């Protein structure tokens, strides 16, 4: 009964139709290849960009420091011995001299050799003033003792140490002298000068000295702004989309709103800065340079992206789900919040990711509301002056000093990490909501 | 508000930054001033918005404030403005460090970059494509000059000090006058830059110019002296009329291309915004802008002693503009 | 007015429905007696689903759909702006032609209605409602081990029974069923028919069906539609034995279309 | 009572109202009347009835008393005469409020015997870390103290009223709890109101944008005639400003507009195929794990600051294209380092995730039954995608593309660094052009005189761009409407 | 093996199907004779659709679905990696349980298959194919005036007939129909049954149905499934008159489930 081969009908089968399989499979392969190629192109550029950023920027996470044995000489810190009565004495004492003397001793340079001492003074950072001051103010009993302290080197020495300055050119053409290089090598040989992890990059505020400038203010500012953008634009954007997609009767008015929103997406970001300046600062008298204003401006800028993405996602939810919900007596609001929104969540999250990423990297609108600024003090509330990560990148990119080059890339890396942390949360959420039906 | 707010030029920003930072470190009771950077025009605009807590106290500027701006200021209630000149900024030409030495004169620059030059007594569209066609002493490089864009204050200095004088010395000025233009139009025609891509406007900052020279090793860029000094291992500076630009040659007036830098203070805010007066005093101190100061070390060309003293006195006396 | 003497639960008078420019119902007047099963029959595209959807205002959700005429539930005009649509739909439940389970677990699918209407005081009651509804829809045995798996992973027939269970779970007064058995096998169909028979004691049911036999089996009244018109309505027995209209007769005996 | 405290109390009342309301609703159930709304809706209704008016009142009260207190403080300031030292009332007021803030930090004892002169007060406050301006006047001290007292008074009145309102609202809400009360409808009405308010923000933003640019634009058109602006083919505003007569035509929009559209077009030409194919691959071919890695990776491209792209174009892509063209043509570099092409490609890279991620979501959302239908007829996967899935996903994809195009038009930094700032008018993609956005940013942030036409033109450009994109969007909406396909 | 003497067009041997961990078919061996109608019957969820989908490898599209055993078409193993799925599906067409018209016009829905397979040389031929297919699915008269309107705007039954027309349009050798009539009214059903009868002359047909009557009317062979197993297969007449298995008998007489 399974002996079909003997069945005469089998051989009399009509010839197979030609449905152009060869051609169609070639097309199929090509199509798939385009897809792979597209992804490859995208990833290639990503890698190229990442490479250029990381290869320039990874050095910023290490900073050259020198270990000094500093004698906290009361004669220098408090020559008149008035620190008990006048708190300002410890604040204004001449700490750099302490460091200079310690270094001179280590290198065997007589303190009387003025020109050499000047050269020597540039080996370490001016930031030593703050560092020692903090040490002494926190614990005045240290005065008179000898402490071993890691001190930041000057930015130029740091660059030279990292090999970023071409030492073969004549010494008049570069910022570090041959003498300094010699000292540097000596200290390096002794193991007292080495690279250490640069925590300052994350804690310091803006500074004119590369070695003491960091992203502290910018990180806080960006954090505030992103929180504000997230807390405002996501609910507002989703709410607006729900209204337009689920409630509003299709009418002239909704058309106007729809076109309006699409159009806002095309408005150059700096124009939102103009808007923020006119409305928030000039009209509502909010403070300049504040992350609150920045956050609100970026919210307005991000809203169209989120609304467009959300509406597309809402539209993709099959009508039968809505009918099912209404059919069991759910109200429209219940239908939307119980069924439609969860199904649209992946699309909404994509819009949010892209919108926030855009907001996180934007500088132009912040220019006009005074956030592209030199801000040294860390903001406490969103009303205090602050900057943002892209602003810091932008400002560092425009600096003259060599040491800012690596910091620019370092800051970009930090921004990308910030972005990654933000996105991973959203992506995990998105995967949870994703399902096919 | 317990913080001084400064807006304005990005050229002045590095100097204002150093002062602000040191100010904050020296006076623990005052917060470090906030120094914005958005360009002189935008800065003065904010400055001239009015008087009050929610307006900025100081505008940095890389050019003198304009009549019309002062008038807008006054209209908005900012009647008393004190002008303070902090020093000078040298403007230099530089090429890649590995290239040959360059010696330029205004007429070379004019002949290379002007839209129209005089050839055989006639005014023609600039035909030069190589620097050695302009001046045989210059190398055989394609003309590719990266000059400050129109938004920069430097552009005006560049035009005034180099193009206009080149225009005169090459005789183009006379040729243009002969076309029957009025003075203003003639002056404008003199500073017109060629638009065939040989002279590239840079609207960004000097690092962009540097990046362009990195990408095109035969390019010539215009930089601020401070920027050049910080990147002297990558750039070679050109002499202008035989003078090497440096803080000395500029402050002595030998090097022709420089411009003063300013900031403007709202007199009404002095003594009212905490720290403002102290900040300005601090800025004007020789420790900040004197010959041996951190600003000069960064690249500022210090004003002569007498001028600095005059600035201090004028500020103390409360001298306002107009 | 019902020939059976039952009260009229729902009533349509001169109901017209337009989809945009296309008119789908041309003045249909039909009474739905209480605690009875009314079957709507007629060839495909004649407007059965359309009429059914007007009964709980599901047509409201279709853009461009306009309903005219009068429709009442317990003598209240259900298209009166004062009426609460949600409450209406909770009272007049619906099972659709295409099974449309929520992309949630089987349990959640059934529990959803009772949850939003607060029909269960606690989890235990909810479990009971879900189980009872699934049992009535003769689905429970098949899915009891995977109540918490996705409802969309069921076979077509199972999905449809799930939708029936979902509708029953809110215990509406009227249940509208749009070909609820079209995806079911005879046994499941028989069970649903049994269920319908059972439900009839407490609920009013309107069912659209393509199967004459089914209409004959489950319904007490039958309405015959054609091209958007109500051709004839009457007691099922009468309709199938001695229809007054020629078209009905032809349709029942399979002679027209 | 600080505003914060009042808010906390109001919220506490409202929250309590929520629980009581819910409880009441539960207790009223059980008769044979079917409850209209779930208990928690009653809870929410009480919550909203109590919190909403109170919070609104606080907002209004805070704003109003702020204004009122300032007014009354101003009234107490000595009348301004010619020789008043401090230039403006706002500044005087600022100093008073500075002193008031300082006084707040003092202990009760210190406040009791407040120094009467500014000279004594200043060091006292300085020791508390409050820096005062040097020019403070003695008369300001009592005003500041008064201000503090008034503020405390006003906020305690406001706080009390707000709390009373919250309580009244709660009582009102609770009194309405009964079996047939339409609590759900009430809550949903408020939700709907919130939704409408949210969409109104889009309109308000537009109005705000237009208003914030309109006046300067008008000023601009007073000195430059609209016709030369809209139809001029030369962009050289600086020259126009420096020169005189006849140089009006230097404010020509045409080269900028052409550059904007051209660069955006090239960018889309790059980004759309790449993004769309990437989306298709991710949605239809790639395994779950590949997709879950690739998609977020591509999304990183949207988050890289544009200045990074700019420098990437400037130092890598531009020179590469230039050298490539030189190698191809044997010496002459027909592609300039700064060109429309460079900007288009680099911007296109940035735009990839806009196309790919959004389209991926939309393609994934197309119901599987459509794919089955097509595959069941013997079509290959690519045919299914091209002819069934993509058309079904089209409305959504068009939305994504519109968003992408919008970003392309609004981008600045990449263009500045990749295509330059020279406003040329040409059709060769290998040469430099620039865009409207670049000019807006540059005119706004430069050293130029702020009230000259040169700077004001930025506003005119902004407004023009706004209306141009508006027209394009209206057109796009029309197209989408025409070709929309709805599935199911 | 066919009792009718027809050649065997498709054959399944020990076919097993797993959805992830859940096994849906437990070794089904079934032959499909050429130019005959084979009906698959059985209670809901018993694996009829699953078996049907294995016949043209539509199961490939379901994630986690694994097919074991041997399935052949004209003696070729269709799960052989060398086999071309596209060609297979062009030869073995399918009509689904839920109507799923493309969101295109009615015309485009039907023209889709002929287009991708290049079956029409020109527009005129295409028009002909479309018209013929729509006629055979007895839909043409209803939609001839709106061929270029959306297929999704049709009523449920119309949509299903559209899907049948779409499947016929590519003239496959085997047509698999998953409850093609479940959404149709009796007249349309009768027409489709007629069509099936007609198609049988040239094509091999496998149909899943819930209606015993339908199976009896249209099929020559019937296979009875239960819980993923093939209970019995044989000539339809025999099956319905003297089934050998008790379960079949019970099912047919409506006694089990």
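Order of writing sets the labels: A, B, C, D and E. Residues in every chain begin at 1.
The criterion applied here is as follows: contacts are C-beta pairs under 8 Å (C-beta built on N, C-alpha and C of every residue); 3 or more make two chains touch, one makes a residue touch a chain.
What you see is a predicted model; the values in this text were computed from it and never measured.
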{"item": "Partner chains shared by subunit B and subunit D (touch criterion as defined above)", "value": "A"}
{"item": "Distance-to-centre winner among chains (Cα means, whole assembly as reference)", "value": "D"}
{"item": "Highest C-beta pair count, chain pair", "value": "A-D"}
{"item": "Distance from the mean Cα position of subunit C to that of subunit B, given in whole angstrom", "value": "82"}
{"item": "Distance between chain centroids, defined by C-alpha means - subunit D, subunit E (Å)", "value": "55"}
{"item": "Euclidean distance of C-alpha centroids - subunit A vs subunit B, Å", "value": "32"}
{"item": "Residues of subunit A engaged with two or more neighbouring chains", "value": "19, 24-25, 319-320, 331-332, 367-368, 397, 437"}
{"item": "Shared interface positions of subunit D, touching two or more other chains", "value": "184-185, 311, 367-368, 378, 380, 383, 444-445, 487-488"}
{"item": "Shared interface positions of subunit C, touching two or more other chains", "value": "86-87, 98, 116-117"}
{"item": "In contact (per the touch rule at the top): chain pairs", "value": "A-B, A-C, A-D, A-E, B-D, C-D, C-E, D-E"}
{"item": "Residue ranges of subunit B in contact with subunit A within the complex", "value": "1, 3, 5, 7, 10, 13-14, 16-18, 20-21, 24-26, 28, 31-32, 34-38, 42, 46, 49, 54, 56, 97, 204-207, 224, 226-227, 229-234, 298-299"}
{"item": "Of all residues in subunit E, those that touch subunit C in their complex", "value": "19, 41-45, 49, 97-99, 138, 142, 153-158, 161, 178-179, 182-191, 210-212, 251, 254, 256-257"}
{"item": "Contacting residues of subunit A [partner subunit D, same complex]", "value": "19, 24-25, 27-28, 31-32, 34-39, 41-43, 45-46, 48-49, 52-53, 235-237, 239-240, 242-244, 247-248, 255-272, 274-275, 277-279, 300, 303-305, 307-309, 311-313, 315-320, 331-333, 346-347, 350-351, 353-354, 357-358, 360-364, 367-368, 389-390, 393-394, 397, 412, 415-416, 419-420, 423-424, 427, 431, 434, 436-437"}
{"item": "Of all residues in subunit D, those that touch subunit E in their complex", "value": "367-380, 383, 387-388, 391-392, 485-488"}
{"item": "In the complex with subunit D, residue positions of subunit C that touch it", "value": "84, 86-87, 116-118"}
